[in-house]
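Consider the two complexes below, in which subunit A is the common component and subunit B and subunit C are the respective partners.
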Partner chain A sequence: IFEYNGSAVVAMVGKNCFAIASDRRLGVQLQTVATDFQRVFEIHPKLYIGLSGLASDAQTLYQRLVFKHKLYQLREERDMKPETFASLVSAMLYEKRFGPYFCQPIIAGLGQDDVPFICTMDCIGAKELAKDFVVSGTASESLYGACESMYKPNMEPDELFETISQALLSSVDRDCLSGWGGYVLVVTPTEVTERVLKGRMD
Partner chain B sequence: MRLDTSALDNHFAAPAGNEFSGILATDNVPSLEFPEVATCNDFDGFQKATKEMLNHKKGTTTLAFIFDKGVIVAADSRASMGGYISSQTVRKIIEINPYMLGTMAGGAADCQFWHRNLGVKCRLHELANKRRISIAGSSKTLANILYSYRGMGLSIGTMIAGFDETGPGLYYVDSEGARLKGTRFSVGSGSLYAYGILDEGYKFSMPIEEAAELARRAIYHATHRDGASGGCVSVYYVGPDGWKKLSGDDVGELHYQYNPVQEAFVEQQMAEVPAA
Partner chain C sequence: MAGSMEIPAKGGFNFDLCRRNAMLEKNGLKMPGFRKTGTTIVGLVFRDGVVLGADTRATEGPIVADKNCEKIHFMAPNIYCCGAGTAADTEAVTDMVSSQLQLHRYATSRESRVVTALTLLKTHLFNYQGHVSAALVLGGVDVTGPHLHTVYPHGSTDTLPFATMGSGSLAAMSVFESRYKEGLTRGEGIQLVADAICAGIFNDLGSGSNVDVCVITKGKTEYLRTHQEPNPRTYASSKGFSFAKGHTEVLSTKIRQLKLKPEVTEGDAMEEE
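This part shows the complex of A and B:
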């Protein structure tokens, strides 16, 4: 069921910045239905979530998370920290332990003092924090290999963009169910850059 | 010399009765005890499941059509194992002999082996009869072989295309034993997308270049929409003198050739302000 729509999401940490990237295909098993599907969503300007897996669950989960975050903003009068948000997502997913959302979220944000934070979790909320990169989706095995070999710590934003784009494009080229372009978001304390990648459209 | 027929003696004390109650009578036949562990209650289902395991559902796109100057054959080059792409550079058009081509869809091993086997049979026919085998004859040979293996799990969806004394020939042969003569065929998971383009642009009378471009476009569209097709498009032409490979283009590049990237219209753009 995770391979019904097909997806690939990856996030990497650089020097005081992070990048989160996804593919753009929406498919129904082997047929491609859209090549501009959004999988990376903004919660607030320093916190992003990428949701791989079943597309309808990804959209529903995103809407519920935005709702919870807006309530938090009203009560606490500030944005949520990434660590707190990760705990929120994990709790929400475990609530549905016996009828889960078929999504694997990747959370990436700049925390206190603009320290980059990334984590991923499985579909029932098991958090996995990482210092370098996290991957999810149907192309995850290829992504692990590509990121492992291309990643270096403390990369500047431009180099980080190059690395994450190359890792994403080469991994989705080995997966039938993801690809058809890429979408990369690079976030630093002062600016957010979003770029659309030209990839193999087959 | 008296023949020793003791080996033929029947040691089972079988009562005389109808024909089935001889050795098969279960009364006093010592029976074999099966171990508790590994019995299979549903052996037919188990056998079916093992065959289904190899059933990759023909993830590919191949097409062929006849026009006034001969036959055009085209295919993609991706091999997929479920969701994983195992190769982007598979040769799916198999050269059986200098005037006959076969396309591969389904199990790669099955197609490669049986096409080569067909090539052997065609050559033997040539040597025995001092003339080339016709396309009808060679496709019938293959279809008969595949029919005899029907139900055993072979997965082949192939088109035999060539040029013989009666002109261009195109036959679709598959592992269920079907053999169809026709003018336009497309086989594989991406065939529906290719049919759309092929049927729209097809004319019987076309120059070779236009026919090749039609085939290339059809395969390109199939690779764009179908997840299990991709890689490169190879286009072959079979004429009176035999087959010739016309082109092999990477689909990634073809996409940007057919859809050149338009510069997005920018209304206002931030400019660097020179430091005062």
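This part shows the complex of A and C:
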């Protein structure tokens, strides 16, 4: 069922920054329905979540998470730390252990002292923290390979952008269900850069 | 969803999506695979306490999802638990029992006992009849001495001087069966555990990467994360890939400056009248 809509999401850590990228295709099995579908959502300016898998579950999950985060902001008068948010997502997914959401989230954010944090989980909330990169979606196998070879630690934001874009574009080229462009977000402590990539439209 | 959207959670599992998922499955869509830990986990009792060991590979089908995950979970300062099976289940079950043990410690003002953790785990797993797929090796030292137990997903338990679980358990058990003896010293115990995990890493495809060891003795616990790294990465090219700036074709760019949020400082508390 993860192959119903098709998706590719990847996040990488650089030097005091992180980048999260996704493809833009929305399909119904082999037919493409949209080429501007948003998979990476903002929770607050320093915390982003990318949701791959079934598109309707991705949007429902995003709406529920934004709801919970807004309540948290009202109660605590501050934004949620990425580690806390990851635990929240994990608990929400595990609650549905025997009837899960068909979604694999990637969470990326700048935590305390702007230290970048990324993590991914499977559809029932098994958290996997990583120090270098995380991938999810139908193109995940190619993404693992591309990121494994292209990643270098401590990259500056510009180099990080190039690396994550190349990894994403080359991996989705090997996956029929994802692609049709790319969307990359690079976040540093002072600014957020969103770029739309030109990719193969097939 | 029927009724109010967000009733405060009562805890436990929520079965709202089960009917929809069953309908989707009937229409031919495959259930997703869960991340398993495909593991080698071991424990043994030595002269002064317990040594637990685990590999660090998490698999998602045939792909390695995490090359360095932590499988030795904290339960209490004197009790640790290794988990094999579905990763989400082992993490959730050990976190839940760890919280229950802490509440119990607050209520009784005593150090937790290993049998308490054991009973909490086995009742939870038995209640779900094996659907919560967590196979655990639980070890610790309490006032009654060192203890080592295994817990199976259906809720049965064993109390043993040495134990292995996971896909690599046969490889590790062969090492234990040939070399275990009563009254091992700390160094010998750690070496034996590391050798057993290495046997699992090299001979079982579901286990790999590094060896984590945890030594629990009366009053002291040492968690040796990445005690051994028998598989260093050999293929990284020294130059690495480098892409020149502007290499990727970009259709549009939008840059947003992050405003610093105004700090909320504590004012004086209002006077109670």
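Definition applied: the second predicted complex is superposed on the first by the 202 of 202 C-alpha atoms of A that agree within 3 Å, B and C clash if a C-alpha of one lies under 4 Å from a C-alpha of the other, contacts with A are read in each partner's own complex, and residues count from 1 in each chain.
Convention: a residue touches a chain if its C-beta (ideal position, glycine included) is under 8 Å from a C-beta of that chain, and two chains touch if they have at least 3 such contacts.
As the structure is a prediction and not an experimental result, all values here were calculated from the model.
Once chain A of one complex is fitted onto chain A of the other, the partner contacts of A:175 are limited to subunit B, with no touch recorded for subunit C.
Using the contact criterion defined above for the overlaid structures, shared-chain residue A:147 touches neither subunit B nor subunit C, since it reaches no partner. Using the contact criterion defined above for the overlaid structures, shared-chain residue A:55 touches neither subunit B nor subunit C, since it reaches no partner.
Set side by side, subunit B and subunit C differ in how many residues of subunit A they touch, and the one touching more is C.
By the touch criterion defined above, A:118 reaches neither subunit B nor subunit C. Contact with neither subunit B nor subunit C is seen for A:89 once the two complexes are overlaid on the shared chain.
Contacts of A:198 after superposition: both subunit B and subunit C are touched.
Of the two partner chains placed around the shared chain by superposition, subunit C is the only one that A:4 touches, whereas subunit B remains out of contact. Of the two partner chains placed by superposition, only subunit C is touched by A:67; subunit B is not. Residues 3, 198 of subunit A contact both subunit B in one complex and subunit C in the other.
For subunit A in complex with subunit C, the residues that touch the partner chain are 1-4, 45-46, 53, 64, 67, 77-79, 90, 93-102, 121-128, 130, 140-141, 144, 149-150, 152, 158-159, 161-163, 165-166, 169, 181, 189-198. Looking at the complex, you find that subunit A touches subunit B at residues 3, 6, 27, 29-32, 138, 173-177, 198-202.
Residue ranges on subunit C touching subunit A, taken from their complex, read 6, 9, 13-21, 24, 29-32, 34-35, 58, 60, 63, 65-66, 69, 86-89, 91-92, 131-132, 240-245, 247-258, 261, 264. Across the complex, subunit B meets subunit A through its residues 59, 76, 78, 80, 83-85, 88, 189, 223-231, 251-252, 255-256, 261.
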